[in-house]
Amino acid sequence: MKDKNEPNISAQIGEADTWLDKGKTLIRQNKLAALSALIILLIILAAVFAPVVAPYDHLQQSLTDRLKDPSAAHLLGTDELGRDVLSRIIFGARISLTIGLVPTLISMAIGTILGLFAGFYGGKTDFAIMRLADVMLAFPSLLLAMVVMYTMGGGLINIFIALSLVNWASTARIVRAQTLSLKEKEFVEAAKSVGVKKHVIMFRHILPNCLPSLIVLFTLNIPSAILSEASLSFLGIGAQPPSASWGLMAVRGKKYLFSEPWLSIAPSVAIMIVVLAFNFLGDGLRDVLDPYLKEQ
Amino acid sequence: MKKSLSLALAATMALSLAVTGCGGSNGNANSPDTNTTPADNGGQQTGGNPENGGGIAGTVPDDTTGFFLSVKNADIQTADVQKTTKDYEIPMNIFDRLVDIEVDSQGTSRIVPSLAEDWEISSDGLEYTFHLRQDVKFQNGNDFTAEDVLYTFKRLLTVEGGVNTELLDQVKGAAEVINGSAEELEGVEQLDDYTVKITLTEPFAAFLSCLTAPGLSIFDSEATEAAGDQFGMDPSVTIGTGPFSFAGWSFNDQLVLVRNENYWKGAPALPGVIIKIIPDTETQTMMFENGELDIIDLDFVTDATDRFLETYPDQIVSGPRVGITYLTMNFNIEPFQDLNVRKAVQMAIDRQAILDALYGGRGQVEQGIYPFGLIGYNDSQTKISYDPEGAKALLAEAGYGDGFTMELAADSSSSDTVTMVLEIVKEQLAAVGIEANIKNYDESTWLETRKSGELGSFVSTWTADFNDPENFIYTFFGNEEKTRIRSINYPDTEVMARVGAARGIVNEDERLAEYRALEEKLVHEDAAWIPMYSRTHLWAVSPRVQDFKPVWSGVSDLVYYSVSLSE
Amino acid sequence: MNEQLLQANSNAHEANTELVLDIRNLKSHFFTAKGVVPAVDGVSIQVPPGKIIGIVGESGCGKSMTAMSVMGLLRYPGKIVGGSIILSGKEITHIRPKELAKIRGNEISMIFQEPMTSLNPVYPIGHQVREAILLHQKISKEEAKNRVIDIFRAVGIPEPQKRYYSFPHQLSGGLRQRVMIGMAMVCRPKVMIADEPTTALDVTIEAQILRLMKKLCEEQGTSIILITHNMGVVAEICDYVYVMYAGKVMEQAETFTLFEKNSHPYTQGLLKSIPKLDEKTDRLYTIDGVVPNLLHLPEGCSFCTRCSQAQKRCFSEKPYLYETGQNHGVRCFQYESGVHLDGK
Amino acid sequence: MFSKVLKRIAISIPVLIGVVLAIFIMLRIVPGDPATTMMGEHVNPAVIEKISREMGLDQPMYVQFFKYVANALKGDFGTSYRLNRNVTQIILDSFPHTVKLSLLAALVAWIIGLSAGIIAAIRQNGLLDRLFMGCALMGVSMPVFMTALILQYVFAFKLKWFPVSGFDSFRAMILPAIVLGWNSAGSIARMTRSNLVEVMQNDFIRTARAKGLRENGVIVGHALKNAMLPVLTMMALQISSMLSGAVLTESVFGVPGIGRLAVNAIETRDMPLLQGTVIFTTILIILGNLIADLLYNVLDPRIREGI
């Protein structure tokens, strides 16, 4: 993190930091964030290549091998239907990561567009969009997601909708705030003065400048989506079996906490690792990328 | 100036929050044992009879030592048993019914007197005359008379939000009362203060059994009328004749029962019962093991049962759950019209394996419609064998050698164990080439689709409301409508006509023989239904619990009258 | 005076107790992702008592870094990597934070460029100045308050009693800078560093502030290091001037000498770029080019890329600071005949 | 100032109306007939129709909405389908438990969050930073029900320091408060840290150092108050996440609070109760935002003067 007390060294040496430089700074300054990035990458790879990586078919039941303790054959033991827990966690990464990514992408896309419009056009547009955002923000997020799931029933698609609906408002607020300040910047004024079209200014000139904040926000929203899904699973309105998210595995495994603790601990630890990794990466990225996002 | 103004505003708001908080907490959080329902003065008017010497409805004593500590995983919705089809625990303990059921150690059950000490049945099976006990008082001191029976039965049919009207379907004039064309219930007459005559529209052999149903608990006409819609909600106005009075209910927290010292059968041994509401089953487990509970229903912690059996071998109480788990096939969905397909599915499922895997083998594989423990249960009928090869052959014969796809409909509100059953069934069907896809419905859609007769195959359990095969076979195969709303759509109207007619067979042996024949026809000839298994219901009790006995049907609702605690 | 300085320069490793502040061959580097930036690269500055020393140069030349290094305010990724700072005969370059805290604000204090942001917005100004007293002197809060009001009066804050309770945002920039000066002077330090104290202020106020500083300096015997890029300011109040460029001192001389006999091409450029009323020119003079990237300094003289008089060797060899006359040093090969003052 | 407060309150009103409308519409597009789903298996269609009429479900939606709002303004959120009791009354019965739980949890969150955040900021990017932030973040990084279960298992079941469940004594409240508070501590810690780091870059911090304050004095005396102002605003957001977290925490520990009500309402498909619970908690959040805003106004001299 740069110290404002010192003159901006980058400015002094006359070069803006490139993305590569920022990456290097991240690795040099914040080993933890770099490590987190590596872990996330590995988990994504494991999810993508799950059929290759997983030692067993995650759906293969074996009623005679139920609830086996961890062993060389089954590193994390087997579950209540005799399925290999490690394989299920590897395959579960697909669902959990999807649940982390898809609603976050959707909600941030909505939030970004609305935030841009609100900030850029101001006036009534701004008022309408921001009051709508206020309404969304006034709901306790889990409760809102519960209501949506209540209305539409369980299932992955509905989880996406529920979580997207919950999260767009905060993105909209941040993008709006940045748009407001970027709008006054010289380069935007310049673009305006030479008659560049409004949507071009919004999407070509302002949006790229919001990108660092959005990237940070993105990394911080993913874990909260994963956790929200776990909460919904606890209430029985999250992912539905046989598709197994980590949250659902933890919920179903917790009944065996006293006798076969790995059934709930393993997926919980998986969640914890991913959540912490995204958090640390997000914090690290913010330090490197983003002067705006001090709140959050 | 400005600063102080804004400070004051903020403070006022914070304060108003705090005051709301505190105001409420005086009422219930500081003294968790008091009931929080708006008791007002209702308690004094109807329930507050201090001469009763304890067991005053709506009043929780300060001293609750010696109370039995029980637990439920969800709070009840009402104690008004005419408005619920599942919250039977409180009604079973605070009310009595005209007759009761008693099961001896051999498992044979019989109807025994309760509020009715004697009765006669006319030879045509249409008229029942009940002679009521004359020494019974309600918990508020009112006498129990025939008038209360009349009131209760009429209320069952007319009360707003009543859900047990079916129980009196056969009573003459019931339909007219329901649709509003008659004021009085013609079929229930008061012959004198302690004699009631009930007339049916057609003979109904199971009627006496039906009267043991919790839904037909008898209320105090005076107190119930006065209570209005608070009956069942406000403990102080929820009055019965039962061994305990309803002392307190703080929602989502606990229910309290207190001994009725004047109970006509003699006061119960327990001074009272506290039923904690704990939704999380792991929390329940830890509470039990920490000594914070006297009982835990292992049905809610199925997965911990093995460990409990090992750890507390001497503290396990069990009883058969008189209920059958079944898998349906919808005759309206391809290819279940084909008898061979249905038989193949029957044979493709390894029921014993499921019972072993998920319930530790505690229970038994069922072969018919009437489960173990029910009158009419037949342990010598044809067996369905697990035979995947045979199933494949039958499928091939039916022209489905390459299998087919079908739906397994899951209700998202059902327990994890049921979901696991579906997952196993899916695998077992896959082994004979049938691709079963689990489709998740939310509860209301599931119910609605099932009612419309369009739901795919599903697994569910039917537990006895009263001890008679009628309660089972008629529910699923009673007539076209009954089989449609279960999404079975059994097409043979002749067979269903027989099911309806069997209800009127007065001779008990003949009736049971007909029921057995129908069971054989439906399950084994027509393969219209796949019986899975019935289970043993287990509870673990604390070492101080004596004489705990589950109710005959093995449901989770407990009756505390016979229980005592050693100290 | 002249002799003193010369002596100090030539005997760099001997402590000179006559000097209030003696900075010797100071090197402060920044360790960035792209490499090490030598922001201060072997700077030596001598501050005698009661004098005003000016440091001039374009932005980014290392003058502020020098001040920060002296105050021990340099923070990561900046670090002092060599040289020494001697305050009243005491080495303070690497002393412990506790010792440093005792000196700061007490023996040596600093005024910053941004009066608008240099005061804490959530505390009344009086408290902020009082804190400086209470930190270093064992007197009662009441006494301290009176001292604050006195100093407020001394720095020309109207209604000091009332202003004591004002918050920074209620004051104009000029007043805030007066508060800052008051805070810096309240413990009567030996040296006060003023880092572009008037840059953010109106020209009219600038003159008042400068006069105030000079007056206080004379009254209390405090030495001032005035950092500025404004040659006019230098001419007005400084006794001695250091010209810095790319982390090095390019020329040092008494103010009068510098303006008369400016020797280094860079200094000449700086002085030429001051607009003069009596000359008619079409456009202002500017030094060609920009301040070089400190990461990629030329191999030879760091000014060579912009120097109109640069010769071949200027691009390959680094010049020393050569003595050209009394108390006058220049870092340019044109004056190679003089004695090296770099202490190498 | 006063007009500003009024304006702030005025802005909350459309939000409130929006909230009610949103919930109302959302719950009206539930598939299936609410009357059927609430009555269950044993009842005949005539009865269902009657109930449906009684609940006013046969009227056009806008009529239902205006009736609802009119009643809600009088403090009447309707009658619970299942409990046949006034929703307002049910909520007010449960509310004190949730308030107590939330306040205690807030205390825990602030203790953990602030101390971790401050230490992390002081030792920025050092080992202690990672350690304390990691600890604070642990509470958010596990599913709440697992955190609850594990703490319960260790401290109530194994060590027997606390009862496993219940909410009737202070001792019983500690574990739920820790679970819920820990869950929020992460974001407080993170915000405290980044605010402090941010504030530490301000010019006035340099001034404070230059006047001779030692680093701890700089942080405590000058940075903290500035850094805390935005964190204070986050209190409002905390209310929201606390109430969300309370849903699970209350279920695990058997606390009879509002979160449980919401779960009950969903499980039993009790529309009026769910509607009432959500609207009530939302009002709390809006009110919390308002209070935080006003407090911010009071504490920050710049805003106080209307600059």
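Letters are used for the chains, namely A, B, C and D, taken in the order the chains are written, and counting of residues starts over at 1 for each.
Operating definition for what follows: a residue touches a chain if its C-beta (ideal position, glycine included) is under 8 Å from a C-beta of that chain, and two chains touch if they have at least 3 such contacts.
Given the structure is predicted, the values throughout are model-derived calculations rather than measurements.
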{"item": "Mutual neighbours - chains that touch chain B and chain D alike", "value": "A"}
{"item": "Contact-richer chain pair [A-C vs A-D]", "value": "A-D"}
{"item": "Identity of the most central chain, Cα criterion", "value": "D"}
{"item": "Remotest chain, chain B as reference, centres from CA atoms", "value": "C"}
{"item": "Chain A and chain C, separation of their C-alpha mean positions in angstrom", "value": "49"}
{"item": "Distance from the mean Cα position of chain D to that of chain A, given in whole angstrom", "value": "21"}
{"item": "Chain centre separation in whole Å, for chain C relative to chain B (CA means)", "value": "89"}
{"item": "Centre distance in Å when chain C and chain D are each reduced to the mean of their C-alpha atoms", "value": "53"}
{"item": "For chain C, residues that touch 2 or more chains besides their own", "value": "73"}
{"item": "Residues of chain A touching at least two other chains", "value": "3, 5, 150, 152-153, 237, 254, 257"}
{"item": "Shared interface positions of chain B, touching two or more other chains", "value": "282, 413, 442, 445"}
{"item": "Pairs of chains, among all present, that meet the touch criterion", "value": "A-B, A-C, A-D, B-D, C-D"}
{"item": "Residue ranges of chain B in contact with chain A within the complex", "value": "281-282, 285, 301-304, 306-307, 353-354, 356-358, 410, 412-413, 416, 419-420, 423-424, 426-427, 438, 440-442, 445"}
{"item": "Chain A residues touching chain B - in the complex, by the definition given at the top", "value": "61, 63, 66, 80-82, 150, 152-155, 236-237, 240-242, 252, 254-259"}
{"item": "Residue numbers on chain D that touch chain B, as the complex places them", "value": "1-2, 5, 30-34, 36-37, 39-44, 46-47, 51, 54, 82-85, 89-90, 92-97, 99-100, 145, 149, 152-153, 156-157, 160, 163-168, 251-254, 256-257, 260-261, 263-264, 267-269, 284, 287, 290-291, 294-295, 297-298, 304"}
{"item": "Residue ranges of chain D touching chain C (in the complex, touch as defined)", "value": "202-204, 206-215, 221-222, 225-226, 229, 299-302, 305, 307"}
{"item": "List of chain A residues in touch with chain D within their complex", "value": "1, 3-5, 29-30, 32, 131-132, 134-135, 137-144, 146-148, 150-153, 223, 227, 230-231, 234-235, 237, 247, 250-251, 254, 257, 264-265, 268, 271-272, 275-276, 279, 283, 286, 294-296"}
